[in-house]
Amino acid sequence: MSERVPRTGPRAVLPYAAAVVLLCALPLYLEAYWLRIGLFAMAAAIGAIGLNLLSGGTGQLSLGHAFFLAVGAYGYAWLAGEPGPGLPAPLALVLAVCLAGVAGGLFSPVSGRVRGVYLGVATLALVFLGHHVMLNAEAVTGGYNGRAVAPFTLLGFSFTSADPELSVLGVPFGAEERLWYLGLALLGLAWFTARNILRGRPGRALAAVRDSEVAAAVLGVPVARYRSAAFVVSSMYAGLSGALIALAFRRIVPDYFGLTLSIDYLAMIVLGGLGSVAGAVAGAAFVTALPLVLTRYADVLPLVDEPGAGGQGVGPTEAARYLYGAAIVLVLRYAPGGLVGLVRRTPAPGRRAAPAASAPADDGAPANAASPSVRPSHPKESSS
Amino acid sequence: MTTALDILLNGLALGSVYALVALGFVIIFKASGVMNFAQGSLLLLGGYLTAVLHEELGFLPALLLAVAATALVAGLVDRVLLRGMDPRHHHILTIMTIGVDILLLTELARRIGGDLLTLGDPWGNDVLTLAGVTVPTSRVASITVSVLVIGTVFAAFRHTDWGLSLRAASEDQEAAALMGVRLGRVRTLAWALAGALAALAALFLTAFPAPGLERTTGQIALKAFPAAILGGMASPPGALLGSLLIGVTEALAAGYQSELSALGRGLGDVAPYLVMIVVLLVRPHGLLGTKEAVRV
Amino acid sequence: MSQGPPPPLRVTDLTVRFAGLVALDAVSLTVEPGSIHALIGPNGAGKSTCFNVLSGVCRPASGSVRLGERELTRLAPHRIAALGVARTFQNIVTTEGTVADNLMLGRHGLSRAGFAATALRLPHAVREQRAHRERARAFAGLTGLGALFDTPVGLLSYGDRKRVELARALCLEPRLLLLDEPVAGMNGAERERMAGVVRTVRAELGLSVLLVEHDMGLVMRLADEVTVLDFGRRIAGGAPADVRTDPEVVRVYLGSPAAPAAPAAPAVSAPSGAGAVERPGDASARARGAAAPAPGTERGDSA
């Protein structure tokens, strides 16, 4: 947010261009397994960008992100598929995103008024209510066993392994390769829009609401409306993410969209660095890829005979959970800026480097009793 | 055959267990402004320890040891992890407890695996017949012990230095510190007490007619969340009220399942959340909660 | 910029209660168009509560606040802001980001770019924001922040951040400016500089200013009119010269007739408004105890 004027010129654009070229070239070299991981990571990144707008940008804690992902996923599957109206896939995708936004809007009587932990637990309710609906609305969701997802087609080009057959530079382009580019395009769109929002007028208003609702209101920001709007926008990103996840899975089941998924998304934005778009993407890549990579290399990694396990070994999934639980604790404790904060320049002088820096030194000492600013100072970085 | 009285009793028993967990939430929230997401895994820890210790030590020593150990772990979480972090960053601290929960839960779930553990409680599947109603002894024990424990905690709020300090700290951390309240100690004690309550709740959650301790038992804490919120996060009586409300709601929804079939199967599991949302729509700070002071 | 003289602000019989305590008791005052009006009194007198009512943060039990013909007491804060009432806070409240980000926040109500237009960088939104940025830059220049426009607020000195708050308030194009202790915690040079800025903006923008300040010397030099509050009551009012000799005012500021004119505030006190500056009258005010508003209604918390 610190820079509104976009940096242009070859030197600023070069790293981005290089990254884009690299990402576009990857399907030519990677096997499908890695492309799938990448696809999941890109889908998760879009959702994380949305949650980051809400939690990092506005300071609202949400545990309901999985619900909005589910709305997008089932919304797309139903709108584009059978049973369902069977709309053209791009239209179904757009409508699924809007549907998630509407779901977020319907929650606005709560999200506009309820604050802090109350909001956190209220959003928890969304996950359970959503799960209940997914199990019971069998006509739409297929119930416990879920439903298949119609493949994405754009102007007659199908994002599957056939129709038309395609190979580029001798590499056959199957579903993974094709969806990779779809994911890349959607992630690019999400990144671009979220960055603009955070740096623009709405982002400033949201940051003001986060730092002090009273001050924001006095400066002319309609607080409740912006709190709700943040929810709607964040839900729309979640909807897009959910639809992409549905496309990657080709089949969706209610149990996937549980509380664990919501917590995964919180972990992504915290690990990446609250308030930063790049951080959300980095966090999403880490959280998504970690268990899959560990599974892939389970046989080479010294995991199976972990000591002190009472004879039972630690599986790759568990190892991933340990790593990631520990990462949350350690990052918050020692590097509250997240991955982005670590990579980025060292904290500028005068800027609070870590929340711990202003914490009471001992029992009883008031937390910087006369703190001149009431901003909660999430270790938030501007996006880049 | 279920009767209204059975359902009510069921609900009260359930509510009394929720109250133990919800009270833990409230105590921690009052002391540190944090929603403790690790409460479920602390509960599981207490249950697990009781389960593995009771055959060697006997039930009561095992329970006491498990309660003490869980309190210790909870206290350590506060001392080692949360201490020194800026207490105003509630979100950060709350997410940190999620990290702690993941670590504890993964380890416990791995140890428990697919097993169903018994805690060796003395009530087994005995039943009592009171005024023509047959109830499991464990339910009676659950209600009795919860009432006693909660009564003691309430008395502690009112009459001990710790209780006074806790109330002062939750009103205004700064002022309390200036008046000589040792916030750190008050907070650690609060965490330990919440841990002890969770361990105790594990016992009643797994006693008859529940099958025993599973790796998923800790998820019960997720229902104590709405109980605590619904009553007003900073209000211990609110937690009690909310817990009973949630317990009875859940029992009613489960008991009249067939009549409510239009709303779908498994309504008992989501009814608490519906009730909470309705309450929050009317009172955004819970039934007995107070609006936070406006701070600029 | 100035569309004729600003409307007068008339506060009539304003009463505010907090949990049974009377924070403001039938207070009346009028801020004449284009004047600088100072609101003074010991800590706990109700000054910040008064500001909170004027800006819509707090609802009065009774009484009215009129800006021209508009009644403000029923309006939400952002509506009051849209009518041209801007305020600063006793404790600095800035958001993260640069001076420009903070000032642009002040332009929020005057600009339109919504989520969709901003997200997609639609040309009209980009143009609009660019124009507002130039306007914000002008206010930065007016308040002496021109060179710091793109500097992160976190790097600024205390005095500079106070001026960021002032500039941000000006960005609302207010007709009435509410300044809550604009020089608290500043050293002598910074105080003079701030006073100069307030005079300048009044002269250039033709707005009215209502000011809460403990620095009596500054108040006497700056204000056209003074209202004195004590325990939520208006005990005196009028031209500065009359007020400083008013026996009731002298009594409130404890004893010595020189007291009102001699600021007891140590220049190097803690850089915060949180009650760091204890007035001489305050000790006795607290000693009188019972009637003092509860903590949180005035001292430190409320503003």
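Some notes on this structure:
Letters A, B and C mark the chains in the order given here, with residues in each chain numbered from 1 onward.
What we mean here is this: a residue touches a chain if its C-beta (ideal position, glycine included) is under 8 Å from a C-beta of that chain, and two chains touch if they have at least 3 such contacts.
Note that the structure is predicted; figures quoted are calculated from it, not measured.
In this assembly, B is the chain whose CA centroid lies farthest from the centroid of chain C. With centres taken as mean C-alpha coordinates, the chain found closest to the middle of all protein C-alpha atoms is A.
For this pair, chain B with chain C, the centres built from the Cα atoms lie 46 Å apart. Look at where the CA atoms of chain A average out and do the same for chain C: the two points lie 41 Å apart. In this assembly, the C-alpha centroid of chain A lies 31 Å from the C-alpha centroid of chain B. Residue positions of chain B with contacts to 2 or more other chains are 294-296. For chain C, residues touching at least two other chains, in rising order: 57, 89, 91, 93. In chain A, the residues that reach two or more other chains under the touch definition are 212, 214-215, 369, 374, 377. Residue ranges on chain C touching chain A, taken from their complex, read 55-57, 76-78, 80-82, 86-87, 89, 91-98, 100-101, 104-106, 108-111, 113-115, 118-121, 125, 129, 133, 150, 152, 154-155, 158, 161, 168-169, 172, 270-274, 276.
Of all residues in chain A, those touching chain C in their complex are 1-4, 192-194, 196-197, 200-205, 207-208, 210-212, 214-223, 229, 233, 348-352, 369-375, 377, 380, 382. Here chain A touches chain B in the complex through residues 55, 59, 61, 109-110, 113-118, 120-122, 124-125, 128-129, 131-133, 135-136, 212, 214-215, 259, 263, 266-267, 270, 309-310, 312, 314, 318, 321-322, 324-329, 332-333, 336, 355-356, 358-360, 362-367, 369, 374, 376-378, going by the rule given at the top. Residues 29, 35, 81, 84-92, 94-96, 98-103, 106-107, 110-111, 113, 173-174, 177-178, 180-185, 222, 225-226, 228-229, 233, 264-267, 269-270, 273-274, 276-277, 280-281, 284-286, 292, 294-296 of chain B are the ones touching chain A in the complex.
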